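First, the structure itself, so that you have it in front of you.
Lettered A, B, C, D and E in written order, each chain numbered from 1.
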Amino acid sequence: MPAEQELLKIIGLKKYFGGLKAVDNVDLSVKRGETMGLIGPNGAGKTTFFNMVCGAYTPTAGKILLNGEEIQGLPAHAVARKGIARTFQITRVFKDMTVEDNLLAAFALRRAPGLWASLGRSHTKRNREEAMTYLERVDIAAFAKQKAGDLSLGYMRRLEIARALALEPILLMLDEPCAGLSKDATVDFMELVGKLKSLGTTIMLVEHNMGVATALCDRMTVLSYGVKIAEGTPQEVQSNPVVIDAYLGEAEEAG
Amino acid sequence: MKNKRIQSLLVVLIALGLIVAGCGGAGGDKKPAAADNKAPIKIGFFAPVTGPAAADGDSVTKAAKLAVEKINKDGGINGRKVELVAYDDNLKPQEAVSIAQKLTTKDGVVAAVSGSYSHTTRAAAPIFENAKIPMIAAYALHPDITKGGDYVFRQSFVGTAQGKAGGYVAVDMLKAKTIAILNVDNDFGTTLADSFTQYVESKGAKVVSRDKFTMVEKEFNPVLTKIKQLKPDLIYMPTYSGTGAQIARQAKELNLGIQMLGTEGIDSTMEFLKVSGPTADGIIITTNLNRNSKLKATQDFIKDYTAMAGHAPDMVAASTYDCFMVLAESMRKNGAEPDKIKDGIYKIKDFEAATGLIKGYNKLGEVTKNVQVQVIKNGAFTYYGEISDPAIITPPDK
Amino acid sequence: MLELRNINAHYGHSQVLYDISLDVKQGEFVTIIGANGAGKSTLMKVIMGLVPVSSGTLLFKGQEIGSAKAWDRAGLKIAYVPEGRRVFGELTVAENLKIGGWNEPPAELPRRLEKVMAIFPRLGERLNQAARTMSGGEQQMLAIGRALMRDPELLLVDEISMGLMPILVNRCFEVMKQLNEQGTTILLVEQNARKALGAAGRGYVLETGHIVLAGSARDLQNDEAVKRAYLGG
Amino acid sequence: MFFQQIVNGIVVGSVYALTAMGATLVYGIMRILDISNAGAYALGAYISFFFLLQTGNPLVAVVMGVALTAVFGFIVQKFLYAPLMDKSPNVALIAGIGLFIFLQDFLRLVGGPQARELNFGAMLPSVRLPGLGLTLYGTWFLILGATAVLLLVLWYLLNRSTVGLAWRATAQDLETAKAMGINTNRVVAFNFILGYGFAAVAGILVGILYNSIYPMMGDVPAYKMLAVIVLGGLGNPLGTVLAALVIGMAETLIGGYVGFFLPRDAIAFVVLILILLWRPQGLLGRRRVS
Amino acid sequence: MYEQVVAINVGLAMLLAMSLNIITGFAGQPTLGHAAFYGIGAYTSALLTAKAGWPFFLALPAAGAMAALVGVLLGLFSVRVREDFLAVTTIGINFVVVAIFQYVQLFGASLGLAVPKPEFLGVRFGNTEILGLLILLNALVYLFMRHLPNSWLGLALGGVRNDEEAAASLGYNADHYKVFAFTIGTFIAGMTGSVYAHFMGFISSTDFAFPVSIGVLSMAVLGGLGSVTGPLIGALILTLAPEVFRFVSDYRMLVYGGLLVLMMRFQPQGLVGDDSYLQRLWTKIRGRREEGKANAG
């Protein structure tokens, strides 16, 4: 596969916490426009892996290449400035700010990247209208003036996704975005991701829910106890017995 | 939205308040009601009743009340009663400034007395000067206080005079050759220690160490241990009663056996004598209150104050009391308008006051009187000497 | 034994649980499954008394406990294995276990301690070690052991499989089944639906604060919706 | 001189340890910088003084001083701090400062602004060891002895007793402690009773050491104790003792050898800032892992 | 004239409270040593005008700049040391700065410094001019504070205050913004110090001691940290309280302390903070008015 097709390439990534090998020697690549799923059971190291890509953790070893540029070990804000947007497993909206302000906060990267520029006015008509379009996309425009902390969990999650999208990232990383969403919301969310995919957004998705992952992803990588155990299309992965064992737990019941 | 609205409203209110306050003040200036000959004469007073100097604030407030009572009992000022307008400055210069403004523009006082420390008095002095209302600082001794103009006077020794007097006691009376200095680190301790050093060095004595500490210091063992090694003849300690008492106690515990010389700051019967207890015996101080004075004014004051307060007076109380006596004297002789009071004070000569014979005030407004030297004997301040050498007690006039 | 009737609960301004009604009968092993953030842990905290009930009735052995303090509920022999273990890291294993048996008759404790050590021999080897120095699995054992020190009538277990090696997960489930067989009533909250349904007799499915399904573990396992949502495929 | 300065440093350090212990205990569970603890320090000394005047019995005076201040701590916890627990830490801080100002002025109004002597009978005789060039104050034995005994009792209480176990568990994880059946309300109340009782003991002992108590006596402890508990690693009693000795020793040695080129308080804070640059979590604090 | 002086005191307090609000209210960084920067500004301005002969209007921004320089250092420190550790460190900064004023001869040491009254275009600044200047500065800072929640900086500080990690995921370098907030806040405090010095005509180290910092923080918290108007109201109340209660001279500080306790106990969010009594009252009045309107229409 030609190198330029690979937006994100990860080689031999490791993260050890003391003696614990949270992520051990994982390779992975995400092609432009593709949706890559990262799945695995609880505690498989998905979030650790994810956090290393986002700059929250420094890898013990290994390389992370974004568009061929090494970004491992960069602090989180620098990674964001390279064009990687993320959401969090436990939502981290800015609780004492309004929903609108939460979203506007994400515009600064493009509109006012420097300290002095930050003194400029953010709540212009144009910015607010644009913010509303993002809020509309995730159906929370009605709550624009509410404190984000007063939203229900599902809405907070939508806000977080809208906020990440507002960065106009070249790679969107979603950490269990469906956790806590109702069935309807999950369906809505899947539609949203479908829309993003059709617009050519490259997405990396950590997901526990196999159904969601299967429906959304072009390819999947499966981690188990820090090690990559499989990779391929959803069909390939799902039919892989190693994956079924690791992911669903060994069959317990006799019949 | 509601947030914005309430905020705008309040801001407008505050801005209005500021403007009204600003304008209101300009038109509201009051001059003392000189025309009314029956109305009581108001004298302003401020002291640190709350805050870290509350003990002194308490002493001087009692003295001020006693003084006003005494003036009124003696027939007031040519038949008019005197009224005290007293405020607490919390030992904050900013409050002293607003008090000075209030006294001069709102309360209509004809004169004022500062019963406070240097930085508060220093901040308030220019306001009295500008308002042309005489003010006497009872015991603040920052040299700049009287420099602003004609209307500000000082009732205690200026720091340089008392420092020199201390030097005189050290080298001329006690024959000390080597001296360690321990001074509280503010204008009081520094001014005294500086002029003391100048005097003793001019007389050939040597200052072997100088250490300073804050007003709230309690632990002197480290520095006294150091001084013990130096074996000086004398320790000079310009400081206040709280710290002074600890130095006395800890020096005794360490068995220092060095003569100590204090200043008016430790002339406190409550705090110093009771806290230091028997360890203070033998300490000599320079002050302006001679307990064994033959003067009737002094003995009356001591008697009256003790009866009123339930404890013997200290130097700050005596000084404050005298400020009022001086004002009364001036008013009786020269009239009760601010300008006349000011002129009257400059005319005072050989006035018998609680702190001794006041020889007069120089053109800066500094008092000239003898420096008293007291020694602590059996838990009481008693006469040790009196310095009347003009070379020492004459305050600078620049 | 445990009855929840129309329970609502909030975190700050946002409502987390809506109209939850469920029963756990004496001797049962019941599980509540659901995705991350569905409100499972909050439900456990509501039962334990760590999150206040906004409205509804909470009965334990017929007695209203909705406004009782957490420590009084513990005194009623409800024990709790919190999510993320939350052992007292600075305390030793022995001290952690001692706290598990807080206010229980002292004469009972040595016997229970032996029982816990029989189930988890590793804990016995590390009695005087600070809990924070142990591995995740050992900490999970300690969290369970700590709860067992109460000799509970009702055992609340929150997310036992999180971050554990499969072998340990299996061990934990075995222990719970065993306890249940010995008469302890268990209410287990789990994300690992297959394991949970495999061990439990009955289950509830919690979704964004609502109970959307209830039934026997076998039925739920075969339910297509559950399968799709939680088991994949 | 060297030995004398070392002993001086230890005494100063012990006084700091004693003074900061109350606030350390409170911080351990409540996670608030409790300035009003310094008010309790003065309050304890004054109550003791009052009972000494009334009864003339030092034992009654000390017991009443400590007991009534402890009760005060209980009241403060129940009616002031407990309702503020879920608010921003600034709120509890300012409330504590308000209470501190209130107490100081209350004591000034009731007890008079002057320093009063807290004289429990005659001065204890000093002990002199000329060989080492040492003088040991009689009161030092009282201070060092009381500090040692109290810290040992505290250590025993926290590490060996049942309440101590509950205290440590609650300090670490209040919610889980609750679920384990520990009546955390009682633990928190006990914590304040102990913390304010400690403050009273410190106030009384320092009052005896310097033979003086005054309304503003809590002023210096109010910030000095913060420096000590932060340096010790916040809420860690052992760290507090260590930090108190470090600061006491630094102040003494710098003051005794170099001279007071800076006020003691500034020395204490310079030490604090330098050590925090090296160890942002304090001497015995454990870095929080996210 | 008395009212002018009181108004000046209020104006100074408002500036200080607003500047602290930027650091503590908006950026969420604790500051218990704000008076240090007030003092640095005052001393800088005093030295520049009295010793170097600078005109006041140059010394004023220079005072801010000097305070901001030290503020940057503290900001850098705040990156490494957090929460209560930082809070107590700021107390330390206050003590060290005051100690330097107290001990270094250049700063007048224990005798303090005399400060000339400013002159501008031949006008010698009396209280009226100082008050005018303060109203101007207050207006400017207030406009900035009103602008802040609608600016990128306000959003960035909100992000940093709420959740540094999430802010970083949006590309914000939290450290930069924290330091920036310290810089702006201390700059304003420094300018305020300059005005204070020239208003008083005399400064000494104790004017900037720790209790002053506590006073400023109390104002901001009492009014409502993080709100635009709150600190102004807090400053107004706590500056006027001692003046108003001067008639109960002896019980003044008792009232002050008691007021703080009661306010924190019953209005912990500040007087105009979210869901405070005043705000609810305001909403109710507005609701009624609108109801009235609706009924009329």
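Definition applied: contacts are C-beta pairs under 8 Å (C-beta built on N, C-alpha and C of every residue); 3 or more make two chains touch, one makes a residue touch a chain.
No experiment lies behind these values; they were computed from the predicted model shown.
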Chain-contact steps, minimal, separating chain D from chain A: 2
Shared chain contacts [chain D and chain E, defined touch]: B
Selected pair, greater C-beta contact count between A-E and C-D: A-E
Relative to chain A, chain with the most remote C-alpha centre: B
Chain whose mean Cα position lies farthest from chain E: C
Length of the line joining the C-alpha centres of chain B and chain D, rounded to whole Å: 35
Between chain B and chain E, centroid-to-centroid distance (C-alpha), Å: 34
Where chain B and chain C are represented by their mean Cα positions, the distance between them in whole Å: 73
Where chain C touches two or more other chains at once, by residue number: none
Per-residue overlap in chain B, given as positions that touch at least 2 other chains: 49-51, 185, 212
Residues within chain E bordering two or more other chains: 102-103, 250, 253
Chain-chain contacts as defined at top: A-C, A-E, B-D, B-E, C-D, D-E
Chain A-touching residues of chain C, taken from the complex the two chains share: 12-16, 35-38, 135-136, 161-166, 169-170, 173, 191-192, 194-195, 198-199, 207-208, 210, 212, 221, 228-233
Chain A-touching residues of chain E, taken from the complex the two chains share: 147, 149-156, 158-159, 161-163, 165-174, 176-177, 180, 226
Interface residues, chain E side, partner chain B - complex: 1-7, 9-11, 14, 102-103, 109-112, 114, 128, 131, 135, 138-139, 142, 146, 200-202, 204, 206-207, 227-229, 232-233, 236, 242-243, 246, 249-250, 252-253, 272, 278-279, 282-283, 286
Of all residues in chain D, those that touch chain E in their complex: 27, 31, 33, 79-80, 83-84, 87-95, 97-106, 109, 223, 226-227, 230, 234, 261-263, 265-266, 268-270, 272-273, 276-277, 280-282
Complex contacts: residues of chain B adjacent to chain D: 49-52, 54-55, 57-58, 185, 209, 211-214, 216-219, 221-223, 225-226, 228-229, 241-242, 245-246, 249, 253-255, 270-271, 274-277
